[in-house]
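Next up: the structures, one after another.
The same subunit A turns up in both complexes below, where it pairs with subunit B and then with subunit C.
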Partner chain A sequence: MMEIRFHGRGGQGAVTAAELMARAAILDGKYAQAFPNFGPERRGAPVTAFLRVSEQPIYLREKIESPDTVVVLDPTLIDLVNVADGLKPGGMMVMNLAASGRGALAKYGDQFQVAAVDASRIAVETIGIPVTNTAILGSLIKACGITSLKTMEGPMQRRFGRLAAKNLLALQRAFEETEVPEAPAAPSPAAPAAGQEGCTYAELLQREALLVWDQLQIGCDIDLPGSTAAFHTGNWRSAGRPYIDREKCVSCGFCHVYCPDLAMNFTDDGAIEWDHRYCKGCGICAEECPKGAISMREESHEQ
Partner chain B sequence: MSNRVGIEVSIAVAEAVGLCDVDVVAAYPITPQTHIVEHLADLVAEGKLDAEYIAVESEHSAISAVMGASATGGRAFTATASQGLALMHEILFAVSSLRLPVVMAVANRAVSAPINIWADLSDVMPQRDTGWVQLFAENGQEAYDLMVQAFRLAEDHRVLLPVMVNLDGFTLSHMIEPITMMERDEVRRFLPPIEPARLLDPDHPRSIGPFGAQDVYTEAKMQQEMALLRSEGVMEEIWQDFEAQFGRRYRAVESYRTGDAEVVLVTMGAVSETARAAVDEMRDQGIAVGLVRIRMWRPLPQEQLRQALEGAKVVAVLDRMLTPGGTGGTGGPVGEALRSIFYDAPVRPRIYEVVAGLGGREINRRTFKEIVRQALAGQEQVRQFTLLDVRCA
Partner chain C sequence: MEAAIDTQKISMKSLPAFEALASGHRACQGCGEVLAMRLAMKALGERIIVVSATGCMEVITTPYPQTSWLVPWMHVAFENASAVGSGVAGALLALARKGRLAGGDTKIVIMGGDGGTSDIGMQSLSGALERGHDFVYLCFDNEAYMNTGIQRSSATPRCAWTTTCPLGEEQPGKQEAKKDLVGIVEKHHIPYLATATPAYPFDLMNKVRRGAQVKGPAFIHVLAPCPTGWRIPTHEVIKVARLAVQTRDYPLYEVVNGKYILGKPGKNVKPVAEYLKAQGRFKHLSENDLAAIQQEVDERFAQLQWLASRP
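Let's look at the complex of A and B:
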């Protein structure tokens, strides 16, 4: 059995990627399971999805703790979450990463095999938008087999209809452009390394420093006013941010009212200012600004 | 000086709530609870009770309003019955999970259909697992006293849970009977002003009822469960204090003539007085019968129940609600509980389970004598319980 964990952001299609792969494997006559990490759905927030593929029936309905392979759809996640968490020694990492960013992979090189592809560029060139979930599957197939490009056609057709051709092209291109390490050190699923077998509940408590039941506030209250301020929804932003044209802005405050995360604030002199910590890049402010003063553009470091 | 008066039990219950200096009452009238909330509305309107009376548009709103009032630190009360309690169901969980010391009176009544306004326990039993403390009154004095005790239990910082006081619709709620009334200053001595453990206060903002994911939900439930289990001991303390001050003694489980009893009846609520009279008459005829009454249903005083029943050969339990489709001897929730309690006991009594009194069908002394006769005769039970008096061809 092969176990794969997908890392993406809400809305990038990590769940769909796992699903498409499972459908293809099932068409091949295998057994497969695809499922998300169930929870509240938030566009842009880091999400995980899981895939199991096996020649034998699968009798597991638990999360994957020690994957054989991880697939990373979004390069910005590498700094945000431990994408290699629990990955078996010698396991495969299929990463969307531009050639220029590959330095970031050095830290994985010793322990894991890394198959990198610039899926974002391929997606833009084939589909027209940087949605990488279909491209990355081409890389996954190249790196791990599982199914064939041919089998993927059916599920992709069903899922994307008239957009299937473009997505199939992305799949094909990524397959061709993925560099797979020469001599893969065969991972041995039979012998997971120490400390990777999942941990006891007591260890989990230790690791996550969670409160035990009688330390919780009465009724599970939270007595820190405005504690959500510590929750930086700006982490969810990946595909561009709002830029304000100060010439056009009349300080009407619509963007401030409509912003779901209060990431637009008034400065002392009445101007509107953007707060990168909480802006999740949803684009609502640009949609609602009556003066067309806000445009959503790819994030750059100068404004 | 005795304040012993003849009074309708519903009115007495409302008077007791008034003596507790409640801050907020929110209720929607429904038979047979109506007289309780009407009288409270009168007390507020006449200026005898300094409380906010919120006339809401449904029971769902009633319980929601008292939940909010309680979260702001007020002493809050509501009352309902039957479909009204069913409509509250969703919010009952929130009140107990948020650990809010709301007190509610339930004038027990059957649930539809067919539409039926008379007493049985099919309204409250489906609320068994909502996390409330659940008490059952036997007579007017007890219903009256329990209201005052309920606030003290709910507000005790070792508990902080809502309390439901059940009184049978009509057969108890609408009865005129003698009740020894308390004085306001006596009640104030017994029940100190509410000291909220925490409250919704703009000057000290906090979140009550936040999101709790997989990593905390279990611990939240554990905290709540420990408080509910602890309430049994706290209630016992309160009952001792009550006895010291008012001279009336209450226990979670009451035993009557069980010492040498071969068969012990188990009952809850107002039918228990009739059962006691039936026990006396059967004793006069030489039948070794006793009675155990459950006053505290949640938390279930398991150890007290086991001890109260352990000598009996046969335990004849009366359930006044049918658990539809239950198998293996679960005619109703009380029978099910007793079977569970004795499952691990080295010596188990035979449990003879009877479901009766549905939709207010008369339960009288003959009923209890018939139950005891069947139980002692070792009568075969078709589905391990007997639906008493049901008309068959």
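Let's look at the complex of A and C:
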């Protein structure tokens, strides 16, 4: 059985990718299942989806903890979430990453087999928008087999209708452009991820985990008001952040009023301050600032 | 007794610093609903107890064991938020009568989305309105069941796409009209009723405050744009909500003790097509559809004007 975990952001189609692949595998006469990590739809947030493919019927129903392969749809996730978490030594990583950013992959090289492709560029060139969920499947097929480009046509046609041709082209191009290196000769075992065991209640909160039964309060009371503040949604930003032009800003406060995430706030001396910890990068503040003092620009990782 | 709710009119100068929500909530980028809720809570202040139906706002503020809430907040099922809110209001009265409640008034705030209000919570809401408990009901209407994957509700407008009313050849989008929730609530003859949207934040906050000052039930219907379900870019959320008002698709008004008070008419009314074309869920509409919707909008507005013209 092959177990694959997809990492994407809400709205990027990671679940659709897993599903398309499952359908193709089933057409090939295999058994397959695809499902998302349970949670509400929330655009921009890091999300995971799972895919199992097997020659035999699959009786497992739980999420995949130790995948054979991980697929990363969005390059901004690589430093944010531990995408290699639980990946088997020598396992395959299929990464969407521009050639210029491939240095980030060095740390994985001696543990895993890393196939990289610039799926964002391919998607823009073929589909017109940087939605990489179909392109990345071309890379996955190149790296792991599972199904063929030919079998993908049916499920893609069904899913995308008149947009299928463009998506199939993205699939084809990514298949051709993906480089799959040799497997590392003697993969070193992965180090256990930090905070995996014996963590405190506060750490548990931060990890968005569920409590085990004997940690529940009676009535499911939560005795830490405002505890989501420990969870920094700033890592949901994927398309730039607001920059305030201090020359133009008149401290009117409209950005503060309109920010859904309380990420534009007054300092004690009445200036507006941006909070990188919580800003999700929606762009409302830039759109609504009456002075045009805010612009959304790509983030340089200076903080 | 100290009053629960501040009576000052809210402007940018007198904007309450109070926030009932902490950051780190899990709402989508650019969520108009959590913004509306944040603003409403600013207007209410800290002397409140919130009873929330299941829905987006429950899911995103309280991913158990975390919560964003900084005021007492209770999550109950879709169907019984108003019943539970009535019970809490009754309990407060009983405690006050027994002299066991220190520190003055506390306002009960009940909230739900369109699913929790105009679908599943309708009967308990109707009961609570008729019994006349002292509470403010906030309905945050994003016009579908969004966090479960954009399924239609009775509040989804005609012609809109959702995942359960897809664009078939025979039936492109929802075929049925949006339920007139505000009209239904109005027929309960409660002391205060208003419509609002976060595109007009001060209007929204002041209406919530006015509603909270009346004794008895107040109902605020908030049109809350959802970038995920309406298929709009996140930065246009406020713009689209403003267009809803400017095109008269969603007129702002109050009903105070039965008297309709229509918000100031905008100077140049825009065609409803501008509002609809800004949203992906309406992108399939033909010129004929647009004309039909325009006619509906005009008729609804004329009716509202007539209601407001009565003494």
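Heads up, the rule we're going with is that the second predicted complex is superposed on the first by the 195 of 303 C-alpha atoms of A that agree within 3 Å, B and C clash if a C-alpha of one lies under 4 Å from a C-alpha of the other, contacts with A are read in each partner's own complex, and residues count from 1 in each chain.
Assume a contact is a pair of C-beta atoms (placed from the backbone, for glycine too) under 8 Å apart; a residue touches a chain by one contact, two chains touch by 3 or more.
All values reported here derive from a predicted model rather than from experimental measurement.
In the superposed pair of complexes, A:P225 makes contact with subunit B and with subunit C alike. Look at A:F175: by the touch rule set out above, it reaches neither subunit B nor subunit C. Judged by the touch definition given at the top, the superposed model places A:Y258 against subunit C, while subunit B stays out of reach.
With both complexes superposed, C is the one of subunit B and subunit C in contact with more subunit A residues.
When both complexes are overlaid on chain A, the residue A:D214 reaches subunit B alone and has no touch with subunit C. Of the two partner chains placed around the shared chain by superposition, neither subunit B nor subunit C is touched by A:W274. Touch criterion met: A:C282 reaches subunit C, while subunit B stays clear of it. Shared contact residues of subunit A with subunit B and subunit C: 40, 208, 210-211, 216, 220, 222, 224-227.
Chain contact summary for the complex, subunit B toward subunit A: residues 97-100, 160, 197-198, 204-213, 215-216, 218-220, 222-223, 226. Per the touch definition, subunit A reaches subunit C in the complex via residues 10-11, 40-45, 204-205, 208, 210-211, 215-216, 220, 222, 224-233, 236, 252-254, 257-263, 275, 277-278, 280-284, 286-288, 296.
Interface residues of subunit A facing subunit B in the complex, by the touch rule stated above, are 39-40, 208, 210-214, 216-227.
Looking at the complex, you find that subunit C touches subunit A at residues 12, 15, 19, 21-32, 34-35, 38-39, 56, 59-71, 146-150, 198, 201, 227-228, 233-239.
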